[in-house]
Every structure is written in C-alpha cells, then in structure tokens.
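A, B, C, D, E, F, G and H label the chains in the order they appear, each numbered from 1.
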Amino acid sequence: MDRQPRTTDLGYARLDPDRAARTGTPEVVYAAGKAPAETVGCLAGLLDAATGAGVGGQAFAWATRVDEATADAVRARWPDAHVDPVARVAWVGAPPPPVGEVLVLTAGTSDGPVAAEVAATLTASGVGCRRVDDVGVAGVHRVLAVAPDMAAADAVVVVAGMDGALPSVVAGLTDRLVVAVPTSVGYGAAFEGLAALLTMLTACAPGVLVVNIDNGFGAGVAAARIARSAQR
Amino acid sequence: MDRQPRTTDLGYARLDPDRAARTGTPEVVYAAGKAPAETVGCLAGLLDAATGAGVGGQAFAWATRVDEATADAVRARWPDAHVDPVARVAWVGAPPPPVGEVLVLTAGTSDGPVAAEVAATLTASGVGCRRVDDVGVAGVHRVLAVAPDMAAADAVVVVAGMDGALPSVVAGLTDRLVVAVPTSVGYGAAFEGLAALLTMLTACAPGVLVVNIDNGFGAGVAAARIARSAQR
Amino acid sequence: MDRQPRTTDLGYARLDPDRAARTGTPEVVYAAGKAPAETVGCLAGLLDAATGAGVGGQAFAWATRVDEATADAVRARWPDAHVDPVARVAWVGAPPPPVGEVLVLTAGTSDGPVAAEVAATLTASGVGCRRVDDVGVAGVHRVLAVAPDMAAADAVVVVAGMDGALPSVVAGLTDRLVVAVPTSVGYGAAFEGLAALLTMLTACAPGVLVVNIDNGFGAGVAAARIARSAQR
Amino acid sequence: MDRQPRTTDLGYARLDPDRAARTGTPEVVYAAGKAPAETVGCLAGLLDAATGAGVGGQAFAWATRVDEATADAVRARWPDAHVDPVARVAWVGAPPPPVGEVLVLTAGTSDGPVAAEVAATLTASGVGCRRVDDVGVAGVHRVLAVAPDMAAADAVVVVAGMDGALPSVVAGLTDRLVVAVPTSVGYGAAFEGLAALLTMLTACAPGVLVVNIDNGFGAGVAAARIARSAQR
Amino acid sequence: MDRQPRTTDLGYARLDPDRAARTGTPEVVYAAGKAPAETVGCLAGLLDAATGAGVGGQAFAWATRVDEATADAVRARWPDAHVDPVARVAWVGAPPPPVGEVLVLTAGTSDGPVAAEVAATLTASGVGCRRVDDVGVAGVHRVLAVAPDMAAADAVVVVAGMDGALPSVVAGLTDRLVVAVPTSVGYGAAFEGLAALLTMLTACAPGVLVVNIDNGFGAGVAAARIARSAQR
Amino acid sequence: MDRQPRTTDLGYARLDPDRAARTGTPEVVYAAGKAPAETVGCLAGLLDAATGAGVGGQAFAWATRVDEATADAVRARWPDAHVDPVARVAWVGAPPPPVGEVLVLTAGTSDGPVAAEVAATLTASGVGCRRVDDVGVAGVHRVLAVAPDMAAADAVVVVAGMDGALPSVVAGLTDRLVVAVPTSVGYGAAFEGLAALLTMLTACAPGVLVVNIDNGFGAGVAAARIARSAQR
Amino acid sequence: MDRQPRTTDLGYARLDPDRAARTGTPEVVYAAGKAPAETVGCLAGLLDAATGAGVGGQAFAWATRVDEATADAVRARWPDAHVDPVARVAWVGAPPPPVGEVLVLTAGTSDGPVAAEVAATLTASGVGCRRVDDVGVAGVHRVLAVAPDMAAADAVVVVAGMDGALPSVVAGLTDRLVVAVPTSVGYGAAFEGLAALLTMLTACAPGVLVVNIDNGFGAGVAAARIARSAQR
Amino acid sequence: MDRQPRTTDLGYARLDPDRAARTGTPEVVYAAGKAPAETVGCLAGLLDAATGAGVGGQAFAWATRVDEATADAVRARWPDAHVDPVARVAWVGAPPPPVGEVLVLTAGTSDGPVAAEVAATLTASGVGCRRVDDVGVAGVHRVLAVAPDMAAADAVVVVAGMDGALPSVVAGLTDRLVVAVPTSVGYGAAFEGLAALLTMLTACAPGVLVVNIDNGFGAGVAAARIARSAQR
C-alpha cells in the first residue's frame, strides 16, 4: 500500500479494486438490495479495473445473494456467466484453480443452501471443498464417522440451524479451526437462527469461531484464508 | 376429590394440604422472597396438616431456595432438620424410602448446585438418584461412556449451562425421557441461561422436555413421577 | 448397540435407520426446508432400510411439516399414503396398533393444528389419543370438567397460545405428567408464542415439562414414551 | 381548570399542587433516585401548598419507594409520620376515611410487598382494602373460594409473579374490572417479571388491565378511582 | 353461580354461554385462526344458547378479527348480519341500546382501525362512544382542546402507536380512568408496537391501565364495564 | 404563539397548520397506514390552510412513505405533483430555494432508498444536498477521501445498515454534527437494523446523534435545521 | 489536517491530542474501567500535549464517569482540580468562557445526575447552560411554561427516564433542535432506560435526535456544537 | 485416536487428558463456579495425567476466570505458580516456548483485562503476542498506523466494547484473519456487550470471525492455532 488505494466511482457505488491487494480477498458484490442493473454495473466495473481494458484474460468477478432477476441480467450481459441458484451466487470468468481442502459439514439437509454458499465461496476463492451433509448430533456416530475427514482438511466449516449443537461436538474431535455458521433453519424458539447463534458463541469447546446467521460467504472467505495459509 | 380440597389459612399463606392427593406431589415451600419465619410457619402448617397433631410419625415437609438465615431458623425450630447448603434445600422428618433410579448428568462441574437440587428433590420424593458429573460434549466419549447408565435408569435428567448442547446428544443415545435443565452457568452470550434454554427447546432429537433455567426442583419432580410410574 | 449404528447416505441426507433401536423412536423426516423430492427420497430410504427390500410388510415411515407440494409428491410415489393436511403429516404404511391413551387438551379452537400434530404423532407412535378442545381458563369450569379424563390418561398434553395459562391449572389437578406446548396463536405481546412459552416455563405448579413453540411432534413423541412405559 | 395550574418551584423539583383538582389524584412523591432531603422537601412543599401555611388541619402528603434512610429523614422532620417498611411507603397527616372496598389477591406469599404497596395506596386514597394472599392457580379451588369476595368488591387487583396466570382465571369468574400487577418474583425465564407481564397482556379473558411490573402504586390509584366512582 | 355453568360442546369449540352471567361480558368469538365455518358455528351456538330455540328475539352474538372470507360466510348464513370491515367485526342481531359514553382518542390517523375495534366493542356492549382522531402530542394544543370531552366521558380510551406518549399527557389532564391501547403503527424501533407498549406501562402519570398491542376489543370491554358501573 | 394554534378538522385527521410557525417545520403527511384518499385529503387541507383559498402561489405540501397507489391518487388530483418513487416522497407545489449544504453519505449502495428520503427532505426543506454513496469502512480510504466534503458542509448525515460503523469513523474526522441513520439493510444478526442502531448509539466518538431505523425524514429535518441555523 | 495527526503513546492508552483540531472537541477521558492512575496519566498526557511543557497557562483537560477513588487521585495530583460528584466529572485548569446558551430540561428530579453531566459538559465546552428540572408531561402546563426559555436557547437538551415522553411534546413547541437523553430512571418495563430510548427514537415530532441511555456527555458535546455554530 | 480416550474421574469432574492429542489444545480449567479446592484438584489431576507421576518435568496446566480466593489456593498448593490478576489466569509449570506472533489490538484502555486474557492464552499456548492498546476508530489514523504490525503478524485479535467498530476497519486493511472479541465495556445501549457483538457479526468486511463477549480465552486459542499452523 505504498500508493493511495484506487476508487472507481459509479455514482451509486464506489468500487475498491485494490481490496485484493490489501486484504487477499477481492471486493465481491452483495446483490441484495441492489437493482439488477446495479449488480451488473458493479461486476463490469470490477472486471474493468482488474484488466485495465474490458473483460479480458484472467478477469474474474462475482456476486452473492443473487435472485432470479439479477441472475437473468447477469446472463444477458455475459452469456457464459456461471449461476448457482441454490447458493444464489453468480460469477463471470474462471475462478482460480483450487489448492488445499476445506471440509463443510451440515447438521441437516435443510441447511443445504447455506452450505452451498460456503462451497461456492471456496471455489471462487481457489480453495477445494469437501461436503458431508446431515451429520446432526442426534445420531452422533455420524459425526464420529467424519473425524478422518476433519483430520485431512485444512479447516472445518460447520453449518447448523435449530439447536446449533454440532460445532461443540466437532471442536472436541479435531485440531482444525472450526468456523461455525448458524442458519435460520427451525421454528419457534429457534428465533430465525438466534438459538443456533447463541449456542455457537457459548460452545464449551474452544477453537470455534462464529459468523453471522446464514453467512456462508463470510465463513467461506475465512476458511479459504486458513487453507491458503496452511498450503503456503 | 369427591370432597372439597382443604385450605390452611396462615394469613400470609394459604396452604394446600391435599395437593399430594390431587397431584401426587405435596406442596413444597418456595423460600425465596419469604421471611425465615414465614418459611418456618409454612413448614409447621404442612406438618400439622399431615398429622393432625404437630410433628408426628410419618410427617415430612420441605423447602427449596433456602438461604443461610432461613436454614438457621429451620434448625432452631427443628434441631433434627436436614439442610443441604449446596442444593439450598431443607427438610423436616424422613423422606420416603427410594424406589427406582433417575440418572442425573451435568455438562460441567459448575452446574453442580442445580444438579444437587435435582438430587435432593428425587430423595425427598422417594426416588433413587445416580449422578455423573462433567460429561460435556467437548469430550463426547465421556457421554458415550454413560450410555449403559442411561439404559439402567427410569429417566435421565441433563443439567447444562453455556451452549446447553448435552441433551441433544443424550437424547440420540437413549430411549428414556430426557428432562433438560438449562443453567445460568456461563457469561456473555449465555445471557444468564437463555442460550442453553433456547438450545434445549430446539434440540434436534425428540424426547427432550425442558424446565425453567436453574429449576432443579421442577426437573426432579417430573423425573420422580416418571420413575414411580415405571416402577408401578 | 453392540455393533456400530448404520448410516444410509443419500448425499443430501444421511439416514439413521437404527435410531428406533437406540432411542425407541424411528427417524422421522422433517420436511420443512427440504425439496419434495428430498422428502420422498428420505421416506423411501427409511422404508428400504426397515425392510431390506423396498416397501414391504411392516414398513412404516412418516414426515412432519408437509406442505401441499410435498403431500402431492408423496401421494404420487405411494398412492395409499396417508396425508393429514391440518396436522401437516404424511405417512406410508400402517402405524402400529395403539396402546394406552394420552389426553390432548387445547386452550382454544385456534390451537387445533398443533394439537392435530400431537394426535398424529401419537397415532404414528402406536399410542391412543383423546382430544378435548377449547377448555381455556377463562371458563375454568371447563377445565375442572375434564379432571376425570386426566385421571384416566397416561399423560396429558396441553396445547395453548396467548397467555399459555392452562398447564399451570391442569398441573394442579392431576398427578399425570403435563407436557406443555406453547403455540404461536395470538398477536401483539404474544410475540409469536414467546409469551406462552415463558408462562409455561415459569408455571407455578411442578410437573410441567415444555417443548418448543408449535412443536406438536416433540410433545407427541414424549407423551407416547410415557404412555408406552406406563403400559409395560 | 378555568385558571392556570400552579407550580411550586423548589429548584430540584416543580410541584404540581393542583393535580388533585385536575386528575382526582394528588401528586405523590416518587422517592427512588431522590436524596432523602429532596423527598422531605417535596413532602413539605405539597403540605404547604395544601394548607397555605405549613402542616395544618387536613393536610396530607405521601411518598412511595421510601428506603430506610428516607424513612428516617421523614420521621426526623415529622415524628408522627406513618411509615410502612414492607410497602416502602411513608405519609404525613391522616389519610381520608375509606369508602368502598377493593379486593387485593396475591398468587404467592412472595408477592406480598407489592400487594402491600397496593393496600397502602388504597388507604392513602381513602378507599377500603381487603387482602387475600397466596391463592395461586396451582390450587385453583383457592381461587374459586374467593369468588364471593370478588362479587362484594368494587374492583379486584391481582398481584402475581412467575407465570402470572392468576388474572386470566379471576377474570373468568367476576364481572369486576381486574387490575393485574406483574411482579418480579421468580427466576430464570421469569426474566424479572417479563413473563408475568406478557401473560397478563395476553390474558385470554377480557376485563384485565395491566400496569408496570411491581407497580403497586399505579394499580392502587386505578382501583381507587374505580371504587370511588362506583360509590358515587 | 349457585348452579354449575353450562358448556356447549361443538367438538372444535366448547362454548361458555353463562359467561355473561358470570362476568358481565358474553363470550365473543375470536375469528383469527378459525375456519369461516367454525366462526359461523360458534356464533350459531351462542345464539342458540341465548334463546333456547334458534335465532330468536333478543339474541345477539358477535366476532372479532373477522377477515373477508369469514365475513362472507357470516353474511351467507345471516343476510342481515352487520359487518364492519375496518374494525374487522361482525355481529348477528341487535346490540343493546347505549348507556353512558366513552371517549376514544387516537394519536394519528393510522391508528384508526384499532380505534374502530374499540368503538365497535362499545356499541356491541351497549355503551356510547365519542371518537376524536389524530390528537398526537406533537401538537399538544389538540390534546388540551379535548379536555372538556374527557370531563364529559365515563372513561377515556387512548389509542396510539409509534412513541405511545399520548396517554401520559391525557392522564395528567383528567380524573377519568385512561385505558391505553398501544398499536403496531410505526417502523424500525417501534418494533411492531413494543415501543408504545413500554411507554404506556411506564407512563409517569398514574391512572393509566394498559392492554395488549392492537387489542381494541379488550380496551372496549374494560371501558364499557367502567361506563356501565358509572351509570348505575 | 400569542394566539391559540389553529386545528383543521377533517374527521379522520386534525391538521396542525401553524406547526411551521411553532417549530420551523410544517406538518408533513405520513402516508403509511392511511388510505390514498386520506393522504390526498391531508395534502389538500394543508395547502388550503397555507393559502386561505385552494392551491395558490407559494403553497407547498408533501408526504412521505408514499406507495404506488397513493402516488397515483396524488397525481390524479394534482397532475404537476412531484413523485420520487425511490424516496417514496410526493409533493405539490414548489419547494423553497435551497440554502446551505448537507453532506449525505451511505455505507453501501443498498442504503440508497433511505438516503434518497434524506435528500428529498432536505430539498423540501429548502436546503442543499450533496450525496456520496458507498463509502463503507471496509475501504476506509474512501471515507478519508470525503473529509474535504465534510469540512465544506453544514452538517453530515450518515446512512448505514449492517454493522453501522461508519458514523464512528466520520465523527472522528469532522467538527460537523453527524446525524446517523441506521438502516434495515442486512440479514441475520443485523436484526432489521437493530445492530446498526445499537452501534450508532454507542459510537465511541462524540458528536453522533441518532434517529430511528430507516428514518430518512427525521434525519433530513434535523440536518436542515442545523444548516439553516448555520446560514443565518 | 495537512500533517499527520499526532499520537501520544502511554502504553495503556494512545492519546489523540489533535482531536480538537480535527473535530472541534478535544479528547475527554472516559474514566469507567480505568484504574485511577490511568485516568490521572491520561489527563497529564493531554495537558502536556496541549502546552508542550507541563500544566501551563491555557491547558485544560477533563474526565467523565469519575468515581470517588479516581476523584481522590485527581485531587492528589492537582489540588485545584474541579470535581462535580453528582455529574461524576473532574477537570484540571479553567474551562473556556461561555458563549451562547443551551436549555437543559429534566422530566423528573431523579434524572438530575444525567442532567448534571450535560451541564458540566457544556461548561467544559465553553457554552452557557440553563437548567429547568422536573417538567414532566403529567403536568403538561409545566412544559408549556418553559416555551419562552426554549425560544431563547440555541438548542434544547431533554433528559427523561420512565416513559421518555417529554421530547415528543417539547419538539412540537419549538424550532430548536431537541437532543434527547433517555435515562435509566424507572423500574420494571422501563428496562434500564430501554423504554425511554425507544420512545425517543419513535417520537412523533421531527427534530428529535437521540443519544445513548444516560449519555449526558454525548448530548452536551452535540448541543455545544450547535450553540457555538449558532453564535458564529 | 486409535485407542479409546482416557477419562480421569474426580467425582465432581471428569478430566479429559487426551484432549490435546485430539484437538491440539489441552483441557484448561474454567474456574468460575468452581470452589477453589475443585480448581486445585482439576489442575493437579491434569498435571498427574500429563506426567504419570505428580508434578514433573514438562507438566503444565492452567486455569482461567481465577478469582482472588482461587489464586490463593493455587499458590498455597504450588508456590511457584504464575498468577496474572488482570487476566485472571493462573498456571503451574512452564508454558511452551513461543513461536510466531499474534497482534492483539484494543479499541480502548478499558478493554485491557480481556486483552490480557488473550495474551495469557497465547503465552500458555506457546505463541508470541504483540499488544497495541487504545486504537479506537474515533482516531482512525491510530488504526492506519498499525497496518505494518498487522502485516507482520500471523493473525490479528481485535478486542473492542461499546460500538465494536474496530474489526470492520481492521479487516479492510489486512489479509490476516481477524478474530473479534466483543467486550462488556460500555453502558446503556451497549447492553453488556451485545451491541459490540452484533456489530462484529454484521461486519461489512469479510475475514472477521467472532467469539463470545469477553471471551479472551477462546480468541487466544483460535489465534494460537492459526499462528502455529502458519509456522509449520
């Protein structure tokens, strides 16, 4: 950062193209609350800034929380764009080749979309991903069975709603960092993910770090950073 | 209930001496917020009602949430009274001989006082109790190791603070009813037991029933009722 | 559990076919947040595991929180499937013949769908059910009138929204365990069932055990376990 | 109010001596958070304004939430002052002779201090009071037994902590207005009176009106207004 | 109550036809969460019980929280039924002739629907109603201007959302009881009426009694009881 | 205020046409919860009161929280009306010419609609506005870059959702008052703007004043008042 | 800011002596959570930085939330230090001569300590202060009586606990900015100031800006900034 | 884990001496809620298990949340024990020699004790620590000044109370993982650390992972794991 960071001013957005240089993670477009055209504009601006001249060779930019209308707008502009409707992620260009591997566990099948956002973020960040779904603690032998997978991974991301108890058990079985993602799966006293969030924050096992409810993106970025660091 | 239930009017309290006949559980004095003399008066009234003439043969009465001043007042009135300062329980007379057995688990050593209230309630209710402490899920092999104890019990009471994750795991390992007691052990996002309470209410395994935070008495009464029913 | 529990891996779900052997309650599919095809797949997997060869003689599997699309998918796969749209429950095969009886009370007519889930769970669990609706405490003689029904039952499930006061009164009239289900019926300070939940957790009568808001399934499983134990 | 209301400026307080003329209730000193000398000064100011010349014939002034230090200061200034340490109330002069009668019920003995504040407020307001303590719904026959007292009263004040279920039952048994006072009695999910407050606000029986947690003063003022109106 | 109260059992509902004799307020059907046919059935049952033989002379029954489908069902059964779509109230038969008068104030125009429920409840209860809308404290002269109306009324109902400050000001201007109804009008930190509810519970002026958020029915029943008592 | 303020009574609303004289800010119609015809009626009433005879020379009136149906009704009545669908604002007549300038910053593009309400309020209040969007603290150089704009402004309005951290940083860089507007942008633990609200209330830098979540109108009114005062 | 801001590193604190130049408000020491010696060290560091050579001519530094032990330590180091035990403020040196005037209102006498912190902050900031205490809305004529004081002030600070209704009324009577300070005065549903905070955030009158509960310092800094700007 | 993990049963505790082998982090005694003798017993048990024969060569065990009485008990048993009263940590034996370095930042001096727990945990875990205190965002140049320290560290721990805004800014300046620790520093709407917790969970910059309020231990364990992994 010996020079002043650049800013690309689109009026409705001020892009931060040097963020990857500063933080290791390029700016990613958060499409929720943006008009489809705004998301497309941000993606185009990031691609431009990356190449200096339009959508070129190595350019890659992506967005999260992409709804159907935005996905359509992205595909209209870049017919080759990749869209994952479950993860609600879209990208233009090719993600970096994967290094390392992060294990992504879900407590239940209904946690799948958040795990999909984790997986897509890992891919977009150039890190490998192995998913094992539905290993909730009500059948704790299922958790014990994946202990070898934990040992083989650079980090473990645990995605769980309802009681959010899975990270406490996992962190007692591995020396890897556990990134815990509470989800809004559940009803009543689950309070849209609050129960799982509090459980994870008060996990009796150390080594659990927590992100926002349903924040698969944040968990993926953090896990990717751990994995890349471990592969250096 | 073919006759009208009796009421003993002490002015500051209206005792319900027929409650045991109606509900299987005699009235127990909740000493919190009562003056020591009021707790003593309630105990005396219950003993009187049970015997018709002072502290006699089979009479037995007890109180919970007994602080030191109240314990002193109880012992001043009945020198033979039993006081358990950890469980904060005091009783006069001899509890019924125990039948059956309830397994009481704690997630951590700090949950001990609440487990002591469960155990004292079981004893006062004439039910046997087996305690195993500090089997938190951070070392899940400790939980697996008590599975045979679960199978031998009439019911399982699980006492846990912080993340409150233990009942979810236990309920996946046993066909006994699991009575879950959240405790106020913890700090920060434990919110005085709220985190554990929500975890237990949203437990992913069925067969978990929940009582109020730190309510060892309520858990003990319920577990005793299950055990006595199973022993019939 | 002298052998390792089995796991059936469907990719999006890891079934736990030995759960009934371990906990007395077979795995039940929670259809909320699952695609209809996923729920159908889970039911098929559980039926397969139960029989070793497709939908055979005694096989029985079921799902809760079944919406209309999922119900259609279930009926498309198994034309004889039973669907209860009020309870939002669907099952394939014949439930076990009923033993014992659980009394299910509601405080108001609007609590009906949750009580229906309790009743369906009891039926699916092979336990008899007697429902009496709309016995709220605003007309407390209606509660007193069902005291004989309580005495005849193995357990009492009380379903109530709004002030959630009914379990406190019921537990003072019976020696049966009272399983209390708060519902999201009400508005304003009912806070989607929170008021009823807190009321039930702080019930002044012991013998009340609480499940999550609107969790008719959990209440049914617990009550069935009590009833079957009492019938042994 | 054909003339402008007067204000007595003490610097730290601006007394409102015409409040009784305007609202039927004279200004009462809320001693919490005030220095003892400030409470004494306010009482003196109200007495002065009432008589025009010091503590005279009919003058009467009083304060709530009076701690020991303030009580001492009041007695030092007016040796004849009346102090009720349970209700935490102090007054100077003679309250008006009582008319009518309000029934004050408590759910438990521990609710006593709040009921004492209700009773003192009624006395200070010139209204009769009949108290019946410890009629919680866990022994609902105790509630039914006071139905005749309800019918004889001008209004019913119900004081209850924990589950706060008593007003719902009472309101189903009487045509009198029920003023419900939640108390901070209880622990855990009672959340310092929040559980009882929500229960009372969502009471399934109409005719229940609610005041703040532990607000015996507010309940007493309201009940006194109803009683005086009924006696006109 | 020298005889046992009657209960009309409809299966899905147990009507309480003697409630008016007991509490002065007949049972009113809460239509939310009921199927239209259930609401119609309850109304018919109440009318039958009132007359002993179908919809006869003085019979009158009504329902609250009536949506469009239920209103249609009511009109299909009783073409002369009265439906107020703003208040969401429907009744069959003629309400009693009005006695006395209650003043109903709103803080803003958007509080209108709740005030309409208050007004309808007063009418159905045989009490007169005078409404003055939009007298929020941001223009406090508007409040002062209605002081004469307060003096002429038997009670004052104040309906307010957002900051809920109006009852505090009103109670300082009148000796009538103030029944405060918080509404869910507002956004953000209004938290669906919670802000107004807390404001009213902590009103610095005594004489304010509070009902649930948006509970125009409860406020109307209480105010009607006050008015009828004052008119005796 | 040497004379009594006027009130225009429309039945459903009581307009306060002297509010501008009293408070410097004319009454503005809050259209949420009002029928389109009611909003139109209020605007017409305010215009009438301003001119004494219909929509005349200098008359100007406006409304916030205008949805599409209301916007149509406004345009039907006044074809020249100005409608801003992003800010959800509509006005009739010409706003006063602008004096001074307020800087309006957003943390992200998704905060745009709230910032648009701020800007529209400034315009309607006769104050200049300069907007710079998307200067969130994740790229803090973007914030530093607008320090000269802060120095040139009469006040700074900061609009931010999610973590709401921007005002803390801005207030450390300027001697202007910072009016902070939390927005409901975000998900999970953002809790509809609660996270940002708490952040702003606890900002470690003094000089931050906070308005309700999404309350662009309130922020605009306050900032306009500061700007006009600075320009005097 | 054409040069880099200085930082004085004390190890446990990094002082920001150029903050006044940047923000118009010098760094003020927040003594809560600091050891007395740390607060003294910070004050000494700020004085040094201000003069370049120890406690000299115009140097002035101060601290808030000063408890008795810290006050003693300050007076031990600087015998001439000014300590206000009600406001919990201490300063060394002479504050700037006052310009302008801010009106500080309290709703009740118990809000006095917070108002004292506002007043001390104004004095320390070189702005005049006029306090009028105990003008709560329960006697709204007291509020109307201070309208001339509002008109004469540069800004109005309103300090209120319990219902927090005063700012809504004040803002409807003045064209000055209203800085609202909720206090933790009250009990029960006041929830330590939460009720007042929500009331002020949802005030129906625009022109109200809110600071944290009990934050007299923040309100004083903001009001001083307004006053100095108006006096330019 | 090819063999079954060992458990050391002390009755009141069941130690897990193989936890380090399983998770890389040995069991650490949480002294809160334990009697001093229990903490001493746990430490002795862990030391015994580590050496096979009393306190020997390389044995090392430690405890957190150690109050004065427990510290005295530890020193009585092991006179050479190390006690850090600010961090509330005690250990017996010599911690491993440090590798790598973690940067620990605090937003304010009052956050010091939590940062001390982070630092002690790092030392006990054999990882180097560099602390820079009081770099809050109100003087953002102080944050920018530590960017080189971030680049030199293996991970960054940010400790902040009040608004909790610091991690958002830090994460925008570094490619290291940011472990954010909210503290209970602050008052009013800080709600004992809740405000900072929510801010950190909703941080607009990715790469922020959160632990429980005041959980310096958990942050230290996680950061140590990152540092050791980076040093491999």
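General observations
As a convention for this text, a residue touches a chain if its C-beta (ideal position, glycine included) is under 8 Å from a C-beta of that chain, and two chains touch if they have at least 3 such contacts.
Owing to the predicted nature of the structure, the values given are computational and were not obtained by experimental measurement.
Taking each chain's centre as the mean of its CA atoms, D is the chain most distant from subunit A.
If you average the Cα atoms of subunit G and of subunit H, the two centres end up 36 Å apart. Computed centre separation for the pair subunit A/subunit G is 44 angstrom, with centres defined by C-alpha atoms. Multi-chain contact residues of subunit D (touching two or more other chains): 19, 108, 138-139, 171-173, 188-190, 197, 201-202, 205, 212-213. Chain pairs that touch one another, listed by label: A-B, A-C, A-F, A-H, B-C, B-D, B-H, C-D, C-E, D-E, D-G, E-F, E-G, F-G, F-H, G-H. Chain contact summary for the complex, subunit C toward subunit B: residues 1, 19, 22-25, 28, 147, 171-175, 177, 179, 197, 201-202, 205-213, 217-218, 221-222, 225-226, 229-230, 232. Remark: subunit H residues 107-108, 136-140, 143-144, 162-165, 168-169, 171-173, 186, 188-191, 194-205 touch subunit F in the complex. On the side of subunit A, the complex with subunit F involves touching residues 4-5, 7, 11-14, 16, 19, 27, 30, 32-34, 38, 42, 182, 184, 192-193, 197, 212-215.
Contact residues of subunit A toward subunit C in the complex are 108-112, 132-135, 138-139, 141-142, 145, 185, 187-190.
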